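Each in structure tokens, the structures are laid out below.
Note that subunit A is present in both complexes that follow, paired respectively with subunit B and with subunit C.
For the complex of A and B:
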């Protein structure tokens, strides 16, 4: 059956069941966040003990609401959820987000099964229970019960993130808010009692506002369906995955070498790689990879040119390239070397990494990058800018953003530091140039980009 | 889980054109000497209970003379007394090469998985393995090999890449075509420049 999640993510009307007048209660925070986010649809606080909540007319039950309800966000104690869901069903509510905990995660399996039965009886897709719910930066849907002063909300973008864990989800969301690439949708699906990873991945695969899918998962419930979907999704858009449970594998005594080596984690990682998912090692890498894919550049090969204003940082980046699996330092052509020789001052040694020296300003960066961008032996350009040096300032950042528009090779920046450097990072990233703070994160991200490009080539 | 008879498993491999080393059950030392025909052989004690034969001293290699064979047979029979059901198998010795493992497993969620790794019995030590869901494509097979750190060792510097990729695809077909197989170890598979031998087979049903 085709599941329509648009009422949940693009609702024209939202009922918040358990919208308390007490600002410490989850239901109150959710309602307040909808108001703060500037949500423009209808809001219906449901509270049997109040006439109004946060200035909005309150209803005793969803059954009392006259207009249609696209999504009910349910934040009431677990034992009341079946009653609330049944009322939602009777009121023809189109979808439900059950934020409440107290189900399978604490052993209340029967209660969880009961709410699944109710949701399915009324053909009402249900997210959760025990989840943060959904966020959509375009429709300004935001069911997260985390106050906006504690967690920043990302700007509008094309990366969508689905997370089984709410805590991991909100942490990554906070980090993404500090990055330039933005967010399309966030879906925290908790216990995955009704809607699970297969449903959500399928929705994001077909969602035109999603160009990059990021997922944090702990388990896959429907293996066969997941594989069928995995075969299709990466042909349409990149998927970055972080799978928990690396260390829990293989506790059952295996009968053969192969079975011992093919534990749950190993199998799932193998399947992700087989179908072209980019497997992140940790939460940082999840965000690093999202950033490079969001920049929407396509590498033609594995040869990297390094331009730097610090010799040491250049050597460290060359080391990271040399110790990677697939990446190589580019060997500039004779023509490029001649061109660089004519443009660079004498103190610059024409080699890769190309050390522009500490006094390099925007002009020297621009000349070097322009010459290298035409080099037939270079596939990607890594630009190191140490903003602590005398020559580097915002004109360098502006120059790189400008060059990114005209150069058809991936351009990434490596820049380490706080304060001034952070401000430059924002400038570069809002211009579409991914910025990394270490050679290792830069190289592993370029490698993920290349592996995906190679995967697509092999499928063709 | 039940262990498939060795010779039955060998015939199964034959049907998929997977080459395993010539083998024969032997019931006394003369049998083994006749099988050797003056060449070097190996003998193994096979039982559903003894899983890691080489660790348990149940494999005798490089038996060149009649005396070697007789002594090895007597020793294996002695060891076999404590294991109720066992058989002794004689095999031609494989030409030297690089030891690898090719295997299959059934994942409860996803189905048949195919594995390749460096190292035969040392595969866990090296940890250099690749795993894929069956059925695999030629691209998958090549990708599995290319993702091994030991790919140059296993393919003689790339010369036997096609042969090894073909062997992986045949093994994938075998796994998919025989859903009752729960686990499969072809271990070791001796790889050489443009030839190979499957030296030991374990099929668990």
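For the complex of A and C:
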């Protein structure tokens, strides 16, 4: 049966069950976040003990709501969830997000099985339990019970992120928002009692607002269906996966976290790689890879040019490229060398890495990148901007954003620092330019991009 | 001959040669930074065309200054440097920092040799040319010609950093300042024409204000002396090294950057490791390792406890530990398990990683860490705090800083995010607790600490 997740992610009406008047309670935080986010659909606080919550009329049960409910967000103690879900079913609520914990992850397996039975009886796709729920930057649905002062919400974009862990998901969201690149959907699915990896991956595969899929998973419930889907999904869009529970120590921890059975990682990794998934080794790589794929430029080859205003950073990047599996430094054509020679000051040595020197400003960067972008021997351009130097300022960032719009080769930036540099990084990321803070992260991300491009070529 | 670098790093008087009235000029920025930093020694702007600069009386030459000059910071065009240095020699200036570029790094080898001859003739230790010079957080000498709005200055601490590259150095300084851990000295030595790796490393080895040495080097000029020194230095204090020009591509780039001859990295790395240096593979590892050594707690063994408020992050950390070369998850003693059982809420599963759950606040963290710190089977404690969760706030950070002061085992924190989280990270770092933003960086840093502890044991 086809599962329709649109009521959950694009709801026109949301019931929040357990919408307390107490601002410390999860249900209150969720309702408040909907109001603060300017959600334009209908909101129904469900609370048997209040007439109104946060200025909205409250209902004793979803059964008392007259309009249709696209999604019920359930934040009540575990033992009450079956009753609430049954009422949702009777009220023909279209989908349910159970944020409450206290199910299989603490051994309450029967209780979890009971809620799955109820959800399926009423054909009500159910997310969770033991999860943060969903966020969609376009529909502005946002069930995260985390205060916005603690976690920034990302801007609208095309990366969708499904995370078995709510907390891991929320830290990644925070980083995505802080760095300034955009998000389409976030789905925290916890115990995966009903909706699981396969359902969610299938939905994101077919979602036109999703161009890059990022997955944090602890276990895979339906191996056979997952493999069938894996075969298809990467032909449509890139998928980045971080699998926790890769070791036996991690696998034991994963089981007590979301009751996941981690399985044999060697087998899983082989499957991921065979089907062109980009496998992140660490939390930070998840974000690094997401950025590079979100920038949506496919490399035609493995030859990279490095432009820098700091010699040492150029050397380190050359080292990282030379040590990489797939990449090599480009050899500029005679024409490019002539062009650079005529445009650069005498002190600039025409080589790759091209060291523009510490006084380089927007003009020198623009001249260099323009010349190199037309070089037939260059497939990708890594631009190092150390904003601590006297010459580099926001005009350099603006220039790179502008060039990124016209140059049909991957352009990435490396920039390390805080304060002033951080502000520049956000400017670049908001303009669609991925920024890395070390040569190693820049190179491993470009490698992931190259590997995916190679995978697609092999499929063609 | 023993080289005295105190006049350069602890100067009572500084002459800035090339102290222009133009705020865009390097000499002006350097002078302004001294004034802004509240440097308490004497400042002599040297400028043949001005009577005063930035409100200070200016001199036409160092020869016109009546008082003694501890260090001359020289920021004039390369071709004038010999004349200026000769005047410094005649005026008995005690040391010189040549920030000007335009020497061996652009092929002007004869000019570089000339200034070395002059410096040595007058027994004037010379740093540079082609460098940023020095910063000492205690004496407040600071020759960096980088505006303070672009690069934050770190607080007083015990990490000293010698960097062949000025720009790499400045980005690392910026990150150190942003993260909130302290610095003793920064020495950017550029072309190493006179003072080189050996001189600087020897100085830092004997400097009581330096407890951790961090080196970014592109070449090693005096291999034999360096090896002799390497044999001694790590017995006194930890040394973290990032060597650029590890590959032939990087090595070529290094030569055009600081005229360094990178040499055979395999041989160098073998020497570094034999003598207990902590070898950073990347710019980011330089900072990661510096933090862990700066926290000054030696591990007695390789068994680590993980405390977390996010299950997924605990799983990822367990994976990273289980995949590491030296570390393993601690098995809590029966006593510790009992103690934790009596202190933790029923939902907390007593295991390692210990998942305190998303509502954990300062009390639960404190109870858990206190119990674990007394566990005889635990040598190190990794604390994961995802500040995006409802329970975690600055009282958790304060509690960890307090425990760090009393617990005699390495304590490190993992925390990922921006905004609120970033503020908490600074609070923790300022309190001497190293903070990492991914399981991988936390684990690789603890590995470096363990390897150094093993090295010291083998020496004993």
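Just so we're on the same page, the second predicted complex is superposed on the first by the 445 of 460 C-alpha atoms of A that agree within 3 Å, B and C clash if a C-alpha of one lies under 4 Å from a C-alpha of the other, contacts with A are read in each partner's own complex, and residues count from 1 in each chain.
Criterion: a contact is a pair of C-beta atoms (placed from the backbone, for glycine too) under 8 Å apart; a residue touches a chain by one contact, two chains touch by 3 or more.
The structure presented is a predicted model; accordingly, all values stated were derived computationally and were not measured.
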Look at A:333 in the shared chain and tell me whether it touches subunit B only, subunit C only, both, or neither; answer first, second, both or neither. neither
Figure out whether A:6 sits in contact with subunit B (first) or subunit C (second), or with both, or with neither. neither
Which one hits more subunit A residues, subunit B or subunit C? C
Which partner does A:155 reach: the first (subunit B), the second (subunit C), both, or neither? neither
A:258 contacts which: subunit B (first), subunit C (second), both, neither? both
Looking at the overlay, does A:370 come into contact with subunit B only (first), subunit C only (second), both, or neither? neither
Taking the superposition as given, does A:220 touch the first partner, subunit B, the second, subunit C, both, or neither? first
Of the partners subunit B and subunit C, which touch A:394 in the superposed model: first, second, both, neither? neither
Which of the two partners, first being subunit B and second being subunit C, lies in contact with A:266: first, second, both, or neither? first
Please report the subunit A residues shared by its interface with subunit B and its interface with subunit C. 254, 256-258
Going by the contact rule set out above, which residues of subunit A touch subunit B in the complex? 220, 223-224, 227, 254-262, 264, 266-267, 269-271, 273-274, 458
Interface with subunit A, subunit B side, in the complex: residues 1, 51, 101, 103-105, 107-111, 113, 115, 117, 121, 123-124, 129-133, 139-140, 143, 147, 183-185, 187, 202, 204
Contact residues on subunit C for subunit A in the complex? 24, 26, 29, 101-102, 105-106, 145-147, 149-152, 163-175, 177-179, 216, 218, 242, 244-250, 252-254, 256-258, 281-284, 309-316, 318-323, 329, 347, 349, 351, 353, 355, 357-358, 386-390, 416-422, 437-441
